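After the C-alpha cells below, expect a handful of questions from me.
Labels run A, B, C, D and E following the written order; every chain starts at residue 1.
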Amino acid sequence: MTEGKMAGTPIIRIKNLKKDYKIRSSKLGQPPRVLHALSGVSLDLFQGETLGVIGESGCGKSTLGKCLVQLTRPTAGEILYNGQNLCALSNSALKPVRKELQMVFQDPYSSLDPRFTTKAAIEEPLIIHGLERDSKKRRETVLAMLREVGLDVQHMDRYPHEFSGGQRQRINVARALVLQPKVIVCDEPVSALDVSVQAQVLNLFSSLQKRHNLTYIFISHDLSVIKHISDRVAIMYLGTVVELCDADEIYQNPRHPYTKALLSAIPPDSPFEKSQKLTLSGEIPSPIGDLVGCPLAGRCPERMPVCSQKRPALKEISPGHRAACFLYHQEEYVEE
Amino acid sequence: MLKTILKRLVQLVPILFVVITLTFVLTRMIPGNPAAILLGPQASPADIARMQEELGLNKPMLEQYVNYLTGISQGDFGKSISYNRPVLSLILERLPATLQITLTSMVLAVFIGVPIGVFSAVKQYSAFDYIFMILALVGVSMPIFWLGLMLVLVFSVKLGWFAVLGMGSLQNGFWDVVQHMVLPVVCLTTIPTATFARITRSSMLEVVNKESIKALRARGIRESLVIWKHALKNALPPLVTVIGMQLASAFSGAILTETIFSWPGMGMLIYSAVFNRDYALIQGAVLFIAIIFVFVNLIVDLIYLVINPRVNYEGGGGTA
Amino acid sequence: MTTKNSPPLQDALGSAEQAAMLKKERRANSAWNKLLRNKTAVIGLVIIVIMLILAVFAPLIATHDPNALAISKAFRPPGVAGHIFGTDEFGRDLFSRIVYGARISIFVAVGGTLVGSIIGLLLGLVAGYQGGIVDSVIMRIMDGMFAFPFILLSIILMTILGSGVFNVILAIGISNVPSFARIVRGQVHVVKNEEYCTAARVLGAGGSRILFRHILPNAISPTIVYFTLNVAGSIISEAALSFLGLGIMPPTASWGNILQGGRGALNTAPHIATISGIFILITVLGFNLFGDGVRDVLDPKMKR
Amino acid sequence: GGNAGGPAPAPTQGATEATQAPDAGQPKSGGVLKVSLPASPKNLDPIKYTGTYESQIIRSVCDTLVEYKMDLSSIKPNLASDWQISEDGKEYTFTLRQDVYFHPGKYQDGRQLTAEDIKYSLERSAKESAMNRLDMLDYCEVLGEFEVKCVLKDANAVFLTALTDAGNAIVPREEVEGWGADFGTHLVGTGPFVLKEFKLDQETVAVRNDKYWAATPLLDGVTFMYINDHAQAANALKTGALNIATSLQGEAVQIVRDDANLVLNETPGLHIAYLYMNQVNGPTADKKVRDAIAMAINREDLVAGVYPYGEAQIANVPLPPGSWGYDKGLESASPAYDPEKAKALLAEAGYPDGLSLKLYISNTAFRIKMATIVQQYLKQNLNIDLEINPSEWGTFSEIASSGNADIYGMSWTWYPDPFFFLNKLFYSGEIGALGNGAGFKSAEVDKLLEDALLETDQAKRADMYKQVLKIVMDQNPIFVYGNENVTDGATSNVQGFLQRADNVIVLVSDEVNVWLS
Amino acid sequence: MNDQILQVNNLKTYFFTASGTAKAVDGVSFTMNRGQIMGIVGESGSGKSVTASSLIRLLPKTGSIVDGEVIFDGHDMRRIANRELLKLRGSEISMIFQDPMTSLDPVFKIGDQMIELIRTHKNLSQQEAYRTAVEMLHLVGIPEPESRMNAYPHELSGGMCQRVIIAMAISCQPKFIIADEPTTALDVTVQAQILGLLKKLRDEMGVSILMITHNLGIVWEMCDTVMVMYGGTTVEYTEMAKLYANPLHPYTWGLLDSMPRLSAPPVEELKAIPGTPPDLRLTGGCCAFYNRCPYMREICAKEVPPLLEVEPGHLVACHRQNGDKTLVRGEVNQHD
C-alpha cells in the first residue's frame, strides 16, 4: 500500500530545517547559548500517507511539528507547501494555509479551552475563517463533524471536563477536521490515553484518513503505535533524522545503531519473548551548544574515529531506506 | 545573581523616571498655592505673589520640571518649603524612626501571622481555622485610630504600662524606648499579621495537596517536618512577595499611626507635606519610597532564588 | 463508531440512572452549588445580601429622616427615645444614618473596585499578552503608581478631583488599578502558555480573539477573588478618606463619615464609632468570607 | 461625664488664673514643664515663623520691645522701658533697659543688648520677612547705646501692636549671620529660657536663663512637644507625660474637664467664626437675602452643634470680646433667629421657593460640622439648597479671596487691636485678599478705618471702631456665630499659669512665673 | 505462611463526595510472597492507585477504607497506630509514584531529601547518612553521585529523577516496594533501564514489588503474578504466564486485544473495547463490566460476580466463568 501513496510529488517538502533557541545564561557576562532543537531536517511528505516520527524525549519532535504548522518560525530552512515557502509568509498570508494544515496535541484536556462547550470549540475555526456565517447551518456542520468522530448531539453542550480522555481527543480531532485540512500534525495524540481508549482513537485516525485522504505526521514515542499507524517512519535523535524508511522495514531491518537500541528497549509482546537488550551507555548529550560529529558518537557501540569528527548525512542506503550513519556511507557528511 | 541585581538596578531608572514625572505632574495638579498656605489667612495677595517668586513657583512648568530632574541627577532632591531644609536630609532624618517601628512590626507580623496561617491551613475548616481567620479579618478591618486610642486608654492611662506617645530616647534607658514603641508597633502589626496569616493559609492549602507532599508522607517523614519544613518552604513565594509589598508600603502606611502617636517618621512627614503643598517634599518622599519599593522587590527576587531554585529570574515575569 | 458489538440496551450502569447521576454531578459541580455548599461563602453571601437589602430598602427600613437635626438630642446612647442605635453629634438618628450609609459605602466600594478592576484588567491583559516593550512601559507605570502610598494617591486624586461620590469612586478606583493590573498580568502569563491558546493559533485565531475569548475568561478568576477582597478594602479606604475630610459630602451619610464623626466622641458617645465600626467590620467580613469561598470554588483542586 | 449639650458657662474675660491647688504652698524652684503644641514648629527664626505654635517657643526664648499686658487691655514696656511718639505719629523713640543680656551662643558670649540690636532686628523683619509683620517701618536710627528711633513710612497706630509680635523679637546679629539658614533651629535671644535642643517634629528643649532680666524663672526648663492628636494630648496629661496641653479641641476638652486631677483653663479667644456672604455677585448681594439667611439660622444650636464640648461662645459681632474695640451694645444688632420673618424676607427678595447657594469651607472638622448644620437650617426654613464645598486650605483660600463664592465660612484671629479684624475684613483695600473676599465696600467705613489708623489715642480709636462696627452690622454682610475659647489643659501641679486671650503662652515675665508643685 | 508478605482481603475504599459515594476500590483481594513481583493492570480510573495508597493508608481526606483487611508482614494496616505506620512507611514499605518530577520536593536538594529520609528511619549520623545516600545513588546508576547530591530536582532529567526516587525507596532496605506506573513518564530507553534496576533489586535483595502499569509489555517482562482490575474490583488474579496463556475474563481479553503488537502482522483496525468505563458511584450492584461485555447475561446486570478460584491459582470474577465455565472466547453473544 505504501508504494501507491508515495507516487507523485510530495505535498510538503522540508528542506534543511533548523530551529535554534537562545538560552540566556544565568551567569553574568556569559553570552547566551544556543539550543539546537532542530539541526537540519529534510523530509518529504506525500499525499495520503502517514509519516511516523519517533525519538527520545527532547529530540525535537514537537518542534518539527510546530514548525510545520508555523507555530514557531524556524531559524533556517524551507517548508514548501504547494510550492509556497511557509516560512517566508506573513501571518496574514498564512491564514488561508492554516486551514489546510492542522494539528492535534498530546494532551487532549489542556488543548481544549475549559470554558468552551464542544460546540463552541468546534465551531470556533469556522467563525475565525468566516466559513459558515449562518449559526443554524454552523450547528449542523458541527453536528456532522461530531458524528464523524463518533460523538453525538448530546455531547454538543458539554464542557471538556465532562468527557473522558478518548472523547476529548475526539473533540480535538473534530476541531482540526472541521476546516477540511489536507495535512494534520498529530503530536503524541494517544500518549496520554489508556490502552483501550488509545485503540479507539487510533482506529478513528485510520478511518478518517481513508475517508478524507488525509496526510498525517504522527509523532509518538511508542514504537508499537507508530508501527500500527504509519506508512513510513522517521527516527529522530537530538534534532536530526537518523533513519527514514518504510514502517515494516524499520522493525525488520533497522540499520542505525540508535534505532536498534530503541527497538531492543521495547517491552516484549509476550512473556516468552526475552529480547536481548542493547543498552546505550552514557547520558544523552545536551542539545545546548555546538556539537561536533555524530550526535550518537558518545554512546554508540559501533563508534568509529570519524564519528566524533564529522556528522553523517541522511543518505539512501537501500531503495526507500535512508540512514545517517558512517557504517553505511563513509563520505557523505553535513557541512557545518 | 549578580546579573539580576544589576538588571534590577538598571530597571530602577525607568521606574524612578515614571515616579518623578508622575509626582511632579500630580503635585502640580493639586489646586492651591503653597505660598498662600505657607503665609496663612492674613497674607495679602502681594505677599503671596512675592513668596511665590521666592519659591520659584512662577517659573514655567517645564522649567521647574527640568530643574527638578537635573537636581535629582545630582543628588539634590530640592528644598522643602515648609521646613526650609533640604528634602534629602529631612527624609534621612525620619527614616530611622519609621524603620524602628515598621521593621519591628513586620518581624512580629511574620512570626505571628505565618504560624497562624500554617495552623489554619493544616486544620482547615476547624474551629481554630475559623476563629483565627475571622480574627484576621477583624484585624484588617479595624480602624487604626480606634485601636490606637483604645490601646492608649487601657495600657497607658489605666494601667500605665506603656507611654502614650512620642519616641522615648535611649538616654532614658532601653526600657523607655520599648515603652514608647509598644503601642504604635501593635497598631502597625495588626494589618500585616492578618494579611500574612491569610496569604500563608491559602498558599499552604495549595501546597499541601501537592504530589510531592504526599510523597513525603509516603516516605514516613514526620508530619511536623512535612508541614513546617517542606510545605512551608514550598508555600513561601507568594508570602515573600506580600511581605515585600507590605514592607514597602509600611513606610507610608504608618501615616495614621505616626500621627496618633506623634511618632516623628516618614508617615508624619508625608502627611504634613501633602497638607502644606510642599511639592519638593512630596516628590522626594514618594521617590524615596519608590526606591525602597524597587529595592525590596529586588531583595524579594533574591530571596526567591534562595527559596525556590526553579525560579527563572531571566524570564522577566513580575514577581509581586 | 468502531463499535461492533453494541452493548445490550437495558442496563443499570447506563442510560437513565447514569444520566441522572451525571446531571446530579453537574449540578453539584456547578459553581453556584459549590458556593452554596461552602459554609464560609454562604455566611459571606448572607451578610452581603443583608447589607444590600439595607442599602436598597433604606427608606423603608430607616426609622427617621437621616438628616434631620436635633442638636439638643445629640449623643443619645442606643435605645433611648426610639433611637435604636442612639443619636450622633447633631442628634440625628444613628440607625437611619447607618441604613442610608450602607448605600453610599457599598456603592463607593463596589464602584471603586469596578473602576480599578476594569482599567487594571485591560492594562494587565495587554501588558501580559504583548510582553516586551508594551509590558515594560505599562508595568513600570504601574510600579510607579504602586510607589505612591495608597492613601497619598487618593488624597492627591481627591484634592485634584474635588469631593463627591463619583470622585471618591474614581480616586479609589485609580488607586486600585496597579494591583489589579499586576494580578491580571501574572495570570495572563500563566494562561497564555496553555495549550488551548496555542491550539487557537493553529486554528488561525488572531491576537485579539485569543486575548478576549480564551485568555480573559480563563485569567479572570483570581481577579474575581481579588475583587471581593478589594471591595472590603475600599470600604475602609472610603472611611479613611472621610477621616481626612476628603470623602462624601454632608449631609449624606456614609459609614466612613459616621465613623469619622464618632472618632470625635470616643469617650462621651462611644456607640457612634463602635456601631459604624461594627457595620464596616461585618461587611468587610462578609466580602472576605465570600471572596474566600469563591476562591475555594474556583480552585479545581478543592474538591469539597 | 457631663452630656456636653450646650456651651460651658462663660469664663471671665481677659486673663484667667489657673485654679491653685489648696496645698500648693509656696512657689518653689525646679522641674521641667512639658507643654504640647498642636502642630509642629518648623522654623524658629522670628522673621520666618508662620504659625502660632512656633511663636510660643520664640516667646520663651526671645523678647519683644513692648508687650501686651496679660489682660490685653494695653501695651506695657518690655525690652523698652519707655517710648515717645512724635506729633505726626511717624517717629517712635524707645529707651531700652540696660540689664538685658543675650544667651551665650556659638557666635557671641552673652553680650549686652544695645540699640544696634533693635535696629538690626526690626529692620531685618521689615525688609526680609515674608510675613510682612512690620511693613509700616521705614528705618531705625540708633540715638545712643540704649536709645533707638523707629521711623514709619506713614503714621500707623498699630505699630506698637505689631512690635509685640514674636516675629519682631530681638535677636543678636552675630548669631543670625553666623548660623545663616540654620538660625531657624538655633534661635538665640534674651528670653527666660535658653534653647537647648530643637528636634524637628518631636520636641524643643529649653532651659532656664538664670540671668533673665524680668525674673529668675522658677522652672528648670520647658519642653515643647508636638502632639497632633487632641485626645492623645489629654491622655498624655492624664499620665503626667505632659503638664500643659495648649489649644485643646473637641472631646479632649471634655476629657480634661471631667478629670478631677486635671485643670481646664478656658478664656474667650481673639477669635470669631463667621459666614461671609458675597456682597457683589449673586443673591446674597441683596441685603434681604442676607438678613433672611441670618434669621434662619439658630445660633445657639449652631454653636452647640459645632462645639458640643463648650469650646466656644455664641458671638454676633465681627470683633472678639477680648479686643478693646468690642461693643457689648451691638450684640443685639444682628438679626435674631426668626424663621417666619426670614421666609417672608426671602420671598420679598424674589425667592419665595428658595434658591441654591454654594458654601465654601476648608475641610476641617469644625467647618464641616458648621456647614452641615447651616445646610439643614437653610433647607428647612428657607428651602435653600446649600451646596457644601470643602477643600484644602490652599484651594479654599484661592476661591474665597477671588470673590466667586456665594458664601464662605472661616474664622479670623489676630492681635487685640481692632484694626487687625475690621481693616482686614471690611476695608475696601482688602478686597481680593482672604479677609474681604466677599467684597464689602463702604466709603464711610473706609474713611473711619483710615482715620483710626492715624490716631494714636486708644480711647478715640475705640470709638471709631465702634462706629465702624455699627455701620457694618447695619449692612449685615457677615454672619458671626462663634467665638472660640482659648482652651488649655494642665495637670494640677502647674502653678501660677495665666492664660491670655490671644493664646500666647507666657511662662515667665514681670507678671507671671510658672512653677511646679 | 511466613513466605507471605502481604495479604489483601476484600479491600474497599470509598470516596465520599458531594455527588455521591465513589467506590474507587470495591472488593480487591490478592496475596504476595516475599521476593515476588506482582503487576496490577487495568484501565485508567479502575482503582489501581487508590488500592496502592490504601495499603499504606495514604488517602485524601474525602476517602477512607470502609471494609476489608490488609495484613502486611504481620501488621494489620487498618488498625495500626499512626506512629507505627509512619515507621513502616519509607522503611519497610516504599512507594514510587508515577510522575518523578512531582514526587520530589522541588525546593530542597536531593541530597538533603535523601539524608532526611534516611535519618528519619535509621539512627545514623549526618555523615553516615550522607554516605548511605551517595551509595544508594551509585547503586541506581547515577554518575557522579557526590555532585548530584547538591542538585535540585529540576536540574535532573526525568529518568534521573526517577532513579533518585528509587534510590530513596531502597535506601532503608524496605521489604516491599509499591511502584505506581514508575515508567509512564519516561521514554523507552530510560524505561528499560529503570525496569532493569527494579528487577535487580528483587533478585539481589529479595524485595517484593507491587507494580502498577498500563503496559502489558512491562508485565510480561517483569511480573510473577498479575491482578487485572476493572471498575474498582479484582476481575482476574493469577500467575503471569497463566494470564498470558489462558486469560479468562472478558475484560482481560479486550485489554489484550487493544494493544498494538509489534510482532503481530499489521492489522487495519485494533480491537478496542467499546463504550466507556462505569461511573464508580453506580457500581456495586452488578458486574461493573457488563455494559461493555459482549458476552453478558441477565445475571450480570443483577449480581456482583464473586472472585472465585476457577482453576488452581487462577481467580476470576465473572458469572460465566464460574463453575462450569460456559464462556468461550470469541463466541457470538446469543443474548436476546
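One rule holds for everything that comes next: contacts are C-beta pairs under 8 Å (C-beta built on N, C-alpha and C of every residue); 3 or more make two chains touch, one makes a residue touch a chain.
Please read all numbers here as calculations on a predicted model, not as lab measurements.
Of the two chain pairs shown, B-D and C-D, the one joined by more C-beta contacts is B-D.
Set against the C-alpha centre of subunit A, every other chain centre is closer than that of D. Centre to centre, using the average C-alpha position, subunit C and subunit E are separated by 48 Å.
Centre-to-centre spacing of subunit B and subunit C amounts to 24 Å, using the average Cα coordinate of each chain. The distance from the centre of subunit B to the centre of subunit E, each centre being the mean of the chain's C-alpha atoms, comes to 53 Å. Measuring from the averaged C-alpha position of subunit A to that of subunit D gives a distance of 89 Å. Shared contact sites, meaning residues of subunit A that touch two or more other chains, fall at 200, 203, 207. For subunit C, the set of residues touching two or more other chains reads 1-2, 22, 159, 266. Within subunit D, contacts with two or more other chains are made by residues 231, 391-392, 395.
Against subunit E, the residues of subunit B that register as touching in their complex are 210-223, 225, 230, 233-234, 307-310.
Contact residues of subunit D toward subunit B in the complex are 40, 42-43, 48, 50-51, 130-132, 181, 184, 199-203, 225-229, 231-232, 235-236, 238-239, 241, 391-398, 401, 410, 412, 414, 420, 424, 430, 432-435. Within the complex formed with subunit D, the residues of subunit C that make contact are 67-69, 71-72, 74-75, 89-90, 159, 162-163, 244-246, 249-251, 264-268. Here subunit C touches subunit A in the complex through residues 1-2, 22, 26, 194-196, 198-206, 209, 213-214, 217-218, going by the rule given at the top.
Considering their complex, residues 30-34, 36-45, 47, 50-51, 54, 82-85, 90, 93-94, 149, 152-153, 156-157, 160, 163-167, 259-262, 264, 268-269, 272, 275, 277 of subunit B touch subunit D.
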